[in-house]
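Down below is the structure, laid out as structure tokens.
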Amino acid sequence: MNDQTLNLCLLFSSALFCIGLITTLSRSSTILILLGIELMLNSANINFIVFERTQPDVSTSHGTLFVLFTIAIAASEAAVGLALLIALFKHQRSVVIDDASQLKG
Amino acid sequence: MSMLPILQTQDPYLERLPLLLREAFTHYLPEPWHTLSNQLISIVVILSVFGLLFAILTLAERKILGHVQNRPGPNRTGFFGMLQPFADGIKMLTKEDIVPVAADHVLHLLAPVSLLAASILTFAVIPYGKNLVALDIDTAALYFFAVGSATELSVFMAGWSSNNKYSLLAAMRALAQLISYELPLIISWIPVVMVASTLSLTRIVSLQSGYSFGILPHWYVFTPWGFVAFALFMVSALAESNRSPFDLPEAESELIAGHLTEYSGFKYALFFMAEYFGMTALSGMAVSLFLGGWNAPSPYLTFIPSYLWFAVKLLSLLAGFMWIRATFPRLRIDQLTRFAWKFLVPLSLINLVTTAFWILSQNWGHLYFIPRLIITLILIVVPYILLSKKLGRGYAVRTYTYAPQ
Amino acid sequence: MTLSATYLSLIPLLPLYAAALGVLLPKKNKHFVSSLTIIAMATSFIISLFALNQALKNTSIHSTYNFSWFNLGQESVRIGILLDPLTAFMAVMVTFISTLIFIFSTSYMKEDENMKQFFCFLSFFASAMLGIIISNSLLLLFISWELVGLASYLLIGFWFHKPEAAAAAKKAFLTTRIGDLGFLLGILWLYHTCGTLLFYDHGHGILEHHVLASIASQATIFGLPLVTAIGLLIFCGAAGKSGQFPLHVWLPDAMEGPTPVSALIHAATMVAAGVFLIARMYPLMQADQFIIATPFHTLTIIAFIGAITALLGALIAGSQYDIKRVLAYSTISQLGYMMMALGLGSWLAAIFHLLTHAFFKALLFLGAGSVIHASHHEQDMRKLGGLSKSMPITFATFSIGMLALCGFPFLFSGFWSKEAIIHAAYEWPVSILPLIISLIAVALTAFYMTRLMGEVFFGTSRADHHHHTHENKAQMTVPLSLLALCAIAVGFIGTPSWPWLQSALNGTPVEAEGLFKGGIVMLGSILLVAGGIGLGWVLYIRNLRTNAHEEDPLETMIPGTFKLLGSRLKIDEFYTATLGKLNTALAILSNGLDRYVWDLSIQGLAKLGQLSGSINYAMDEEALNQGFNVTSEKIRQSGVQYSKAQSGETHGYLRVFAITVVILTLLIITLWS
Amino acid sequence: MNATLLITIGVTLISSAVALSLRNLIHSVLLLVITWIGICAFYLIFNAEFIAFTQLLVYVGAISMVALFAVLLTRVAPSTNQRNKQSVTRFIYALITGLSLFSLMAFAVLHTDSPKEKVEALPATVYSIGKALTEEYAPALMITGSLLTLAILGSVLLAAHSPQSKENS
């Protein structure tokens, strides 16, 4: 692929990352924060794939495998996170993340 | 796109007929358009064939159910009611499309469309015959189930968007069922991948060609693990396509129509169509994975073209679906999920182990074939007996989660 | 078939594994554990039979399997496994007797709540002993040696709730340690000299010719040859284990353990270890025979110590009332015989006697065990008696063992082995003393064994509580019968007319002589045996003891001597008086030093420290503290300030995190471009 | 190809941006599904079929479902002062941070000279992926599998346990 495609893809992934970041920073709903994190992971995956396509190392597809593992991790992260969320909701009837601040110093 | 190689002269004429027809259409066009036109043609063909099949299926189902229940079934419209489905279609089209005021209009429209789109997309990778596959990709099976898993989303959309608590609860129930049965569905075909060591359906089908002793075809259903996997696959497929006895999502006689309560007119017809498409696609998948795809059951019957064989197998499976619907009573929701989680999932996991043993013992040679077979059977049958005992040991006491205790 | 190293190593490993598994298992399935250990033991018995078969194929070679255990610097410590006739015979004997004893124990320990533990210990013990036997390296041998010591400690103190048992266990452990100290020193010295501890290593082992020659040439500072010194040091270990004279005190007390343990320790394994060690190291031991310029030879010392022990044990045995103690002292005296035979230079006779003694002494102990078990743990001979009618099998087997031990002529195994030893003593050029002592000991042995028989089996029961004793179950009687069979049969594999065992052990065939090569000496010993038995008969069987409290006939005749002997020649008291006192004195001394010298100085230092501390304190109070107070106040306030950042607001943290990420990215970019 | 790529990227970015700024959680999750489908298309453009369909299966099939269930299970009466001043300031902060980060990364991307040799790497076939997973990456695969199992068990426990039931028992 030519340079501009590469740059385009990299910009795309970084934009996705920043969208996820902004969500995580701004939204108050825990679910959305988790989804933002998922988005950041996705952008990382995109970079893996793109770089694998540009690198000359064709023997083993490390990028692909790494993305596979990342997806697995992301899935478990989502499962555990949302389960935690539900547990939190059962304790205090709210998913607003700032309400979970009993441990403040 | 692997419509090529077309000119395999050793194939009989009938075998090559569809491709030759397509050639007749496309060879007028300039060269660069060929791929595009080929794809368009295959899409059109698939849509028309399966649309027609859907029409016929509805009629056939009603007729079969009718005859099972000692009544003639629809026989007024046209010759033996042949035109009944078209009449139904016209009725559905002309009905008023009611959308609740408080509904989420976009999603309400989007739900059936996306469902139908997903279920149509699944047709792309099934090999209907020798060289007859719309999209011959390396990861066909994965594609099939990935796209198929998108249907759950539209069920949720339907339930949620109609802004009706009954629809929502029904949608949750339907989702619970779909998710529960997606596990055994997916795990049950992994043995095939383990043995074939590929995800491409054409490859899997071609691996099942050939006959031992010149009579017994090498279909995976004829191996112990393959048989179990096939059974698990079909049961899960019943549940996945909301067929009786697992048709709780829209149990006409108990719920109104489940998550389709607020749907009417053509949208409802779309859901209906999507259900039939899903059923057909899953049957096609079962045929390709276990029943040897388009391979003839016997080397002496290969003169019949492959797509006809595929059609025969597909139709027989669909007839089986209808027979089951006519025969079995409906399960209760707790029995349903219990069955999935306590029986199907463990059994399919055990089947994985069995298949692993089968693969590892491949080089035991003919002398040890009988012990190999016996060990495999033991590996399957013993867990089956134990699990079924455990399952049959009394039904779970119903627990009313939402009612006040 | 030829056994590879793995099979040989299975001989000790199987019991070890069985013991380990048994330890892991819960307490309740004790029967499983016992059968497991028995099966393991029997299996290694079968393996050692194969090993014997292989060793007898070519008796002159020592087939070894050496491997490097670990490396120290460029020194690699090598250990190995050895298979030669000596190993094979010992292994067969030990495994066979251990199996029988295990079977016996299943019935004997039935009602003990720690039965499982007991079997684990037994199995562990046997495996350690087998390790001693098959090891081809002094290091490995020493490790197994110490394991044997540990296991004996555990087993003797098995009924640890009895204070005597605990004390006896401690005593056995410590006494053998004293010997092992010498042993260890010897090993270190040997390693320092030779650079290896392997016995046979294709010409480089310590028992092989040119290594021995190289050692034999060296001398120590005392003008004592190096070989002699090392040999004596190693003999210390042997003396400790097999209860030779200065260190024999632990052995009678070890009777506090359960009777099968006594049988195992005194018949087959532990005490045999010392004799076996000397026999194994025999080339080293006799390496100084050819050195003229030496005050004494190793073997001479060994011979005299053995002789003393033999006499001592026999004397004391005649004056004990506890049936097991009598047997214990007889064991001591028999071990003395073996050691003497080694010292006299005929190790073949020693090993022969070791084997025969193993069988009949195991038989005697198990018989005693069966008596004790039947009579509800009554061990005092005065309270027993008249058991010959109620326990026929035990009586028969026990008397066979007794006759074997006495060396009753021609039929019993003890006779032949003892004859061999006496003959060796007769031919010894150095001194006549061993011959005399051994002859006396023969007579004494016959005497006290007859006494034992008379007290225990004849007459009427003198138990306080009149329960009827009855014969034990098959688990006890069958081993007894088997052992009785062996006690008779084993003798015939080493008779002078057919010295099969000697030839096998020696590697080169021993020429056969007439059955009566002993001639006059043999006649004398036979007469002495007859006299001993006769005296015993007159004193203890013709006029039987009627009640438990009437005094012993010997006591009436020679009260002083008898009392002295009865108190075991006051050797324990002597040790208490000398070593114990010394120990106490040292303790008091060190205590005083601690209390008054070191403590005083330390306290002085402490005082100094206190003084400076108080000065410091004053300075702080006056000068510094004010300043510190102010500062710490400020710090506290700043802490309060900071703690506001700890808002518990997740977004606050996230924001800080993100901003850090931004700054870091900025840093990286600026650094790279 | 570039046109397709541009369209895909545009759809993905817009859908994600809209999704994460919506009030209605259901809508945002459904829009995120579109984002994920877009990413899947992106992978397809770069010939990573396996990854693409895995993405589809995992995100569209599973994670979206979990998220939707979470939304439905934790629904409360919509609070009135959702968009209060605090959240607005927080949004501004976040926007500043994100944009600065993005600008930095864009700067980095545009000022880095990409690799000289333009080798078009072959797409990884399913067979090669499976081989690598079962041979070279087998430990990693096992670890991931056990991690997933544990995660699922743990989340089931977390979600199933409820305070009042604890009080009862």
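Chains: A, B, C and D, in written order; residue numbering restarts at 1 for each.
FYI, a residue touches a chain if its C-beta (ideal position, glycine included) is under 8 Å from a C-beta of that chain, and two chains touch if they have at least 3 such contacts.
Note that the structure is a prediction, hence the values are computed from the model and not measured.
Undergrad: When the contacting C-beta pairs are counted for B-D and for C-D, which pair yields the higher total?
TA: B-D
Undergrad: Rounded to the nearest whole Å, what is the centre-to-centre distance of chain B and chain D, using the mean of the C-alpha atoms as each centre?
TA: Averaging C-alpha atoms per chain gives centres 29 Å apart.
Undergrad: Where the CA atoms of chain B average out and where those of chain C average out, how many Å apart are those spots?
TA: For chain B versus chain C, the centre distance works out to 78 Å.
Undergrad: Let me have the rounded angstrom distance from the C-alpha centre of chain C over to the C-alpha centre of chain D, please.
TA: Chain centres of chain C and chain D, defined by C-alpha means, are spaced 72 Å apart.
Undergrad: How many angstrom between the C-alpha centroids of chain B and chain A?
TA: It comes to 34 Å between the two C-alpha centres.
Undergrad: Where in chain A do residues touch two or more other chains at once?
TA: 21, 24-25, 28
Undergrad: I need the residues of chain D touching at least two other chains; which ones are they?
TA: 50, 54, 62, 69, 90, 93-94, 97-98, 101, 105
Undergrad: Output every touching chain pair, sorted by label.
TA: Final set of chain pairs in contact is A-C, A-D, B-D, C-D.
Undergrad: Touching residues of chain D toward chain A in the complex: what are they?
TA: Residues 2, 5-6, 9, 12-13, 16-17, 19-20, 25, 28-29, 32, 35-36, 39, 42-43, 46-48, 50-51, 54-55, 58-59, 62-63, 66-67, 69-71, 73-74, 76, 87, 90-91, 93-95, 97-99, 101-102, 105-106, 109-110, 114-115, 117-122, 124, 128-129, 132-133, 136-137, 140, 144, 147-148, 151-152, 154-156, 158-159, 161-163.
Undergrad: What does chain A use to touch chain C in their complex?
TA: 21, 24-25, 28, 97-98, 100-105
Undergrad: So in the complex, which bits of chain A are touching chain D?
TA: Chain A reaches chain D through residues 1-3, 5-12, 14-29, 31-32, 34-36, 38-39, 42, 45-46, 49-50, 52-58, 60-61, 64-65, 67-69, 71-80, 82-87, 89-91, 93-95.
Undergrad: Inside the complex, what are the residues of chain C that reach chain A?
TA: 643, 646-651, 654-655, 658
Undergrad: Touching residues of chain C toward chain D in the complex: what are they?
TA: 651, 655, 658-659, 661-662, 665-666, 669, 673
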